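These notes are about the structure you will find just below.
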Amino acid sequence: MKRRTLMTYSAAAIAAPMIGRVQAQAPTTVRWWYHFDNPQASPAELVAKFEKENPGVKVQAESIPWGGGNDYYTRLYAALVAGNGPDCAMVKLGNQSRLLQMKALEPLDGMIDKWSGKSDIAPNLWKMHQANDGKAYYLPLQYVVLYLYYRTDLFQAAGVQPPRTFDDFLKAALAVNKGDVAAFGMRGGGGGHDHWGSFVLGGGATFDSGGMVTPKALAANRWFVELGTRHKLFPASAPTDGFRQIVDNFKAGRTAMTIHHIGSANEMVQALGDKVSAVPVPMGPDGKGWTSFGDESNAVFAASKAKEAAFRWASFLSSADNNVAFNAFTGQLTVSTSGAAKWNLHPKRFVDATAASTGLMGTLPNDTKTADFTRTVWPQQMQRALLGQITPDAMMQAIEKHFHG
Amino acid sequence: MTMQRRSEHIPFLLPALLVTAVVVLYPALQTVWLSLHHFVLFDPDNIRFVGLGNFADILLRDELFWISLGNSLVWVVAAVGLQFLLGLVTALLLNQTFWGRSVARALVVVPWALPSVIIGLMWTWMYDLNLGVFNDMLLRAGLIDAPVAWLAQPSTALGAVILALVWQGFPFFTVMILAGLQTIPATHYEAAAMDGATRWQMLRYITLPALREVIATALLLRMIWVANSLDVILVMTGGGPGYTTHTLPLYAFLKAYSGMEFGYASALSLLMTLLLLVVVATYVRRVARSALA
Amino acid sequence: MIVRRSRLRLLLEVQLPVLLILVFAIAPYLWMVLTSIKPDNAIATFPVQYLPTAPTLEHYQVLLARTSFLHNLFNSLVVALGAVVLGLGVSVPAAYAFSRFRFTGRGGLLVFFLVINMVPVVLLIIPLFVLMRQLGLIDTFIGVIMGHATFAIPFSVWMMTSYFNALPAELDEAALMDGASRWQTIRHVVLPLAMPGIVTTGIYIFVNSWNEYLFAMMLSGQNIKTVTVALQSFIGEFTVQWGLLTAGGTLIALPVTLLFLIIQRRLVGGLTAGAVKS
């Protein structure tokens, strides 16, 4: 008896909000969940501006703790399951397929097509945010592309150029890897798959079935792991380093290169001045490469009772000047093409490096297994390979197994 | 023992049972239910009953379960054991009379007064390869030649996290034992002193036996708490490097919140609870029998 | 203890070890305090700088004036005190019953409380959230207090039982035989003697509630945000606000330490005067 009650209860608790009662769009309150890095940054001004332009709509902006991503998404999933989720929220591509499978997202194509700001966002950006079913559920908010930071002075002293290909990279790294300075601040902790991706996905591995264990993919991964195990180009702490460590190590002059994005550019310049610059990540001999496109978008939820109003708020945030203002809070780049032309919040050389990287931009597959891959599977296997506990090939096989069984 | 009327105990017990039932019993029962199902949070259409299938998968096909179990054992024994020893010594010392005792008693509580997330972050920073104070001080003292990646090496990672946990937890034992020490009448010591007992003998024959029940209970409860705890490890290493600091609760947590596989994770945590139950039952039978008598 | 030591022996055998232990206990906290008074560009430098060259209180100023930290501190205080009241109010009577009464199911219930303690509640944070929503307890003080009290109850029941067990039952019997009611016995005889145990258990509940993060984070909303959740907001996706975080961490340990400073006198009371003549 109890089991059946529990079962029905749980099933109902999950199913109910997903059925999503569609009601008339009353222009009342839009609940929006967000997370800003700087807790003092407040969207209040943007909210006020929006409410002035849209009388009758009130925006309730709720700041949700990020907690490494875990807390934010636990809260979001819990709220969606319990039926009191927000109308719209900041979300990342890595969660799109899971949210879709829960039938939590509202398709936005119709509303986007009628939106005046649609053309101000580059077509390839729209394409990257598309779901597997070809529909658009996400409104791009910010633009993050990873590039390669390098120490101009160390490179000059060693007489090497900033690398363009993998071979260049190895030569340059060997040249600058001396004394207390490790050539490359590799990020082995959670989120570090971006580093690996540039060399291994850029080197020919793919997430398609069998794509991780082709001879080319295995060779690329072996080459990457050996940068650490054989050539000793990574610092000893690499296996568990997170973004904080790679940035701090580079700022402190303990590494000569690392991969990160424009969000850290200002603090790099503050610490190193002219001694730091950036180029796109190195490419393979075939001219192909891969760098992580770090995304953040707004999505509207299917259970929302104010979908149209929520879309208005989300699109407001993605349009030209508002988006520029928004990204002043997040320290990332605007998605608006017109806004990008007038961008002056970061030193030019970093904006240039970002722009030059657009050809290499890639995202992880829109798959329900991706979130687990980035959070748990990749760090574990990468660490084991770096520590010599498993062979590089075994690492690739584990990744293949995770996605394709 | 004491004279009691027949159902006198009921109003004493009822409030505790009621409050517990609402917030803990219900989710506990739900864990049991979840463990018998294939339940992935983002796949609500595919929930199905699998009976003991999850348990079979864990015990027979999951090497990470056994690795985590081993780590958990080391983790619990080392962390609780060291917390207890340090806490006991500290409590005995703080029971003495000396100048500054009040301040010392208050200051010793500081590690316990900090949230786990702060502790995790500070200790991670202190262990940092380049910017951490440990490496810096050891280098300056000439005890090491090159900085050590404490949290990135399998040989040191678990110990490093255990040290942080000992730091966090020893005040708990200090406070509990100190309170227990107050219940020992001074007359016992006076009588023993008149009989010519040494300090060690007093410790061994008066203090420790009198503290026995408090120590036994504190150890038991702390053991359960540490076995289930994961926030410090989560912040400091996330279970890495590799599987080195992967303990059972961390494994269950990652399965639930990274993989969203709540059915499997619930089965893991139930197994953990069962194992704890066996250990606790043995422990209670041997050591804390008087508490249940 | 009774035997007087010589001053030298006191120094070597007691004060020095205490100092060492205190250094161990305080050093990381001190490092946090030092960090909190350094300007941003002096934090996380290489090589490590211990003492600040240009100490500043700017982080504290920003923390207290420009964030909701004080308000969150207040929230945490309400929650923790509520948890203590609820937790003690519920577990002291239960422990008394376990210690003084004998009834069928006594052993089983004691084990029940222990087993409840063993289920890792952190796993159930989502089902718990759903339950709390059903009960309308999201973003309320009661919801978080209930949660915190409940996590503390199994422990409190066990600890209080053992503290009560340390007081001989003859005390109760003597009072009852003298014609006192059960309530009078408890109030005038047992409770005063059990005070150190009660106070200690209360502190445990307070500290646990004060430091708790996960439950508070899940159940909080815009109205109820405890200080642990507030601190977490300084750890962002791309940056860690070390200055604000360490300032907040420094402050967060103070209430508990102060509380303990005040309370610890009570701990010395109790039976040291040899009150029990048996």
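Going in written order, the chains are labelled A, B and C, and every chain counts its residues from 1.
Throughout what follows, contacts are C-beta pairs under 8 Å (C-beta built on N, C-alpha and C of every residue); 3 or more make two chains touch, one makes a residue touch a chain.
Every value quoted in this text rests on a predicted model; they were computed, and no experiment measured them.
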{"item": "Labels of chains that are neighbours to chain B and to chain C", "value": "A"}
{"item": "Busiest interface, counted in C-beta pairs", "value": "B-C"}
{"item": "Chain B and chain C, separation of their C-alpha mean positions in angstrom", "value": "15"}
{"item": "Whole-Å separation of chain centres (CA-atom averages), chain A against chain C", "value": "39"}
{"item": "Computed distance of Cα centres, chain B from chain A, in Å", "value": "36"}
{"item": "Shared-contact residues (touching 2 or more other chains) in chain A", "value": "10, 74, 77, 81, 248, 252, 254"}
{"item": "Contacts with 2+ other chains: residues of chain C", "value": "44-46, 126-127, 232, 235, 240"}
{"item": "Contacts with two or more other chains, residues of chain B listed in rising order", "value": "30, 41, 130-131"}
{"item": "Chain B-facing residues of chain C, complex", "value": "1-3, 10, 14-15, 17-18, 21-22, 24-26, 28-29, 31-32, 44-48, 50, 86, 89-91, 93-94, 96-97, 100-103, 107, 109-111, 113-124, 126-128, 131, 146-147, 149-151, 153-155, 157-159, 161-163, 165-167, 169, 172-173, 176, 182, 196-197, 199-200, 203-204, 207, 210-214, 228, 231-232, 235, 240, 245, 249, 252-253, 255-258, 260-261, 264-265, 267-276"}
{"item": "Touching residues on chain C, where the partner in the complex is chain A", "value": "41, 44-46, 62, 66-67, 125-127, 129-130, 133, 138, 217-218, 221-222, 229, 232-241, 244"}
{"item": "Chain B partner contacts - residues on chain A that touch it in the complex", "value": "2-3, 6-7, 10-11, 14-15, 18, 70, 74, 77, 81, 98-99, 101-102, 188-190, 235-241, 245, 248-249, 252, 254, 368, 371-372, 375-376, 379-380, 383-384, 386-387, 389"}
{"item": "Residues on chain B engaged by chain A in the complex (per definition of touch)", "value": "29-30, 33, 41-44, 47, 128-131, 147-149, 151-154, 157, 237-243, 254, 257-260"}
{"item": "For the chain B and chain C complex, residues of the former touching the latter", "value": "1-4, 8-9, 11-13, 15-17, 19-20, 22-28, 30-31, 34, 41, 86, 89-90, 93-96, 98-100, 102-119, 121-123, 125-126, 130-133, 136, 167, 170-172, 175-176, 178-180, 182-187, 189-190, 193, 199, 202, 210, 213-214, 216-218, 220-221, 224-225, 227-228, 230-231, 249, 252-253, 256, 262, 265-266, 269, 272-273, 276-277, 280, 284, 290-292"}
